[in-house]
């Protein structure tokens, strides 16, 4: 899959299973206004895992993701990404860390003045990818999410679902080590939701770790992957092969 | 409900059932780039109806809603809102039309620099509501959507679901004649989704027409309300008491 | 109506403070541009006053017959002063003329020539100051017709040169003022447009929730006026703070002030406040228009 | 590295054209501000040239004994001209002096007084032009020590007044130029800042997808440079288009051009291009910084 996305040949060798991509140790996040969005969260995600992050609105799912891309820093505790303590990473190194992560934001974060193709290419261009590699990589991910026909439309000319898929394409184009998706199917119809999930599963099978926050009970329950449930900032459940709701 | 929202006493008298809020007659919408988002759509929504608008991504649901708030004009055919032909309404009268509609946008459209309370109050203030009526009305809708505690946070400090609820509060605060909600539960967890739906049902019971685009099959199938299904810009199904998917 | 104005003013005030960076930038630009404009205007006013001063120096001089009696000279002075084109007439006696010649040589550091003159060769004369130096022709004719006048100094050439120079300076001053005015207009409207563009989203939402054009436009217009008012206030504070030392400097420099500070203070205040508020309003109006015309 | 520069340039070019309203506004502001700055600079240059011209007019005049022979006078001229402070010496004979007096009276439209003079009362003189009008003291002493010199006109007062006026004008010119420079700086940096603020979202996305600071900053910096370059180009085109008629106007006005157009063309070009590009770069750099420092 990684090779497929960038045109490089050969799949990546899987690291030994004890290799962890993400470790949160006793993490608490308190916002400036005093709101504790995360409390004493411990979480270990080994390479190659597929993890659903569930929980009611306001539970702290997006906050957890912001900590991972170092958009926010933990108030207490440590966050390790690929073995590096994010609190210790100097500011100049942050972009390098972020390039290991493909992020699908809840609010898309597309540039309204750029076309779909340009929005996706943007993520490669601004991180210094050689121009001749950009085109093919973008075409491939656009085909993958089914947006080849809309490639030259701007976000304002897209349906909500198409915007979501554009955001997913942009997260994928970077050939990331871990994909963090914040409710990527929130505005999609069930059919396309399933397609996107299938896509993420395929990517995952090729060794890319996936962490996906979602409210889609059907999907979570059907797939029986690892489920981490947050409530009020605390991890209240972390079971492999779990359902959306507690089952005991 | 209308009285409840604005603090006015007495519920509105229901009009006779043959009174239609919305009529689309043979509507086609072709965008400037040649894309036909709606084709020959006929739709009549009587006052007090609760209508689910379903269909795959890109089917034209949002386009239909844009026609109703006159954000776009039909390329062909006529759209009547409350008996007025929107194509004939002079530009100066458009704001008056829009005030009859409460709109929940798919991408929230909240102002990042304003707090939740201010974002909701904004809709009243800019339409000339006397200042002393604004405060109580805002407090009421915020309580209704369960955001009283977050009233003084800005959208950046909210979870996705909280943002969605803010947008719904803003649509409600105007005491509208018809509520148009474009996937209002897209990013909400099942519990809050159900709360929002219950809320819309209650509002509907008090005589406000509701048109809601959604991908939430559970909700649509469970409620057995009127379902209008779009596909590729055409109405392929319009049944009262329908399910999300075709059932024959 | 009052509610509407109150609402628009309140929103304008909020808008101004909510977006402090933009507002400070716009106000700063406003101040600098108003300083530029009023600076030029003051220079231009001073220039015009100076030019009038120069023009007043143009005089028609008529030498009188040495035989003219004091009484006849006085009558001549009265007759000349009664002419409508004449502002003032001065009689210079023969002795005074000699003394002036002596003084002029001394002032130039040259040797006194009067000892070498056998007798007083100079004539008594009338110095006629005109209301408008361009109208010297008629006065010249009337004086030439007087029997006691032996010679009228021909000032045609001098008058023409002075008038050419002064009218050139007036034109150049006006042209520069207009150009500066246009620059100020462009820059301020531009700055406010940039500030409004940054709030396109807000306008979009207002349109969609059903705000009428007036409710969208006027808060912005008032906000523009606010920027203009603040800018004008700061500009005036700077100008009046600087006026005292500047006036002293100019006095040291020209030995005479071409105008009184108080007399132009009112004009400058009107100019600055009017331009500031006017341009602020215009800029907002034009900028918001773009978003309403859809 | 080359790829990076290529990327940044390409993005800058795109950014410029994608946001045409902003870019045109920024470029227009740039042009007007550069015109203002270069206009002031040209006036300042002209002023300095004009002041030097005036200063050159200050002369030391020494009257000679009427008994001085032509030969001794010539020696005296040679001796004086050899002094290091002296730029030029002119000998004016008694006849010339009389003729000058006659001409001066005629030019003023006054009666010729020479017929009334018994003999020529005027002396021959040396007119000494100094290299630097401040250094008149030594020349004065040397001339006073000469036996043939009967009187040296005291120019202390004149020199002081001229020097005060010229140094005042020089200071005022420099002050105005600095103030205008600061205005230009503020306005341009401000305009570019507003244009960058309008693209805060783009910068935010770049940060989140992992673009390094350099990749975020340099396209904006190049875009600022582009605005500066375009602005400077347009400004120079306007200046050179206007230089011909302006030079003619100035010539008509002053009867003499204080400087040659070609000689300042290079300086103006350097000033305009340097200021434009420099401020464009500075403005972008500062504006983007705000977003990176998080």
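Letters are used for the chains, namely A, B, C and D, taken in the order the chains are written, and counting of residues starts over at 1 for each.
Please note the rule applied: a residue touches a chain if its C-beta (ideal position, glycine included) is under 8 Å from a C-beta of that chain, and two chains touch if they have at least 3 such contacts.
Computed from a predicted model, the values in this text were never measured in an experiment.
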(message) If you average the CA coordinates per chain, which chain's centre is most distant from that of subunit B?
(response) D
(request) Provide the C-alpha centroid distance between subunit C and subunit D, rounded to the nearest whole angstrom. (result) 25
(request) Can you check how far apart subunit A and subunit C are, centre to centre, with Cα atoms defining each centre and the answer in Å? (result) 68
(request) Calculate how many whole Å lie between the centre of subunit A and the centre of subunit D, each centre taken as the average of the chain's C-alpha atoms. (result) 63
(request) State, to the nearest whole Å, the distance from the C-alpha centre of subunit A to the C-alpha centre of subunit B. (result) 31
(message) Multi-chain contacts only, two chains or more: what residues does subunit B have there?
(response) none
(request) Could you tell me which shape the graph of touching chains takes: line, ring, star, complete or other? (result) ring
(message) Can you give me every chain pair that touches, using the contact definition above?
(response) A-B, A-D, B-C, C-D
(request) In the complex, go through subunit C and note every residue touching subunit D. (result) 21-22, 25, 28-29, 32-33, 35-36, 61, 63, 109-111, 113, 115-119, 121-123, 151, 153-155, 158, 165, 168, 180, 183, 186-187, 190-191, 193-195, 197-198, 252-253
(message) Using the touch definition from the top, list the residues of subunit B that touch subunit A in their complex.
(response) 31, 33, 35, 54-59, 61-62, 106-108, 153, 157, 159-162, 165, 182-183, 186-193, 215, 217-218, 244
(request) Mind listing the subunit A positions that touch subunit D in their complex? (result) 69, 71, 92, 94-99, 101, 103, 105, 109, 111, 113, 122-123, 125-128, 130-131, 170, 174
(message) Could you list, by residue number, the parts of subunit D that touch subunit A in their complex?
(response) 3-4, 6-7, 11, 18-19, 201-202, 204-213, 215-216
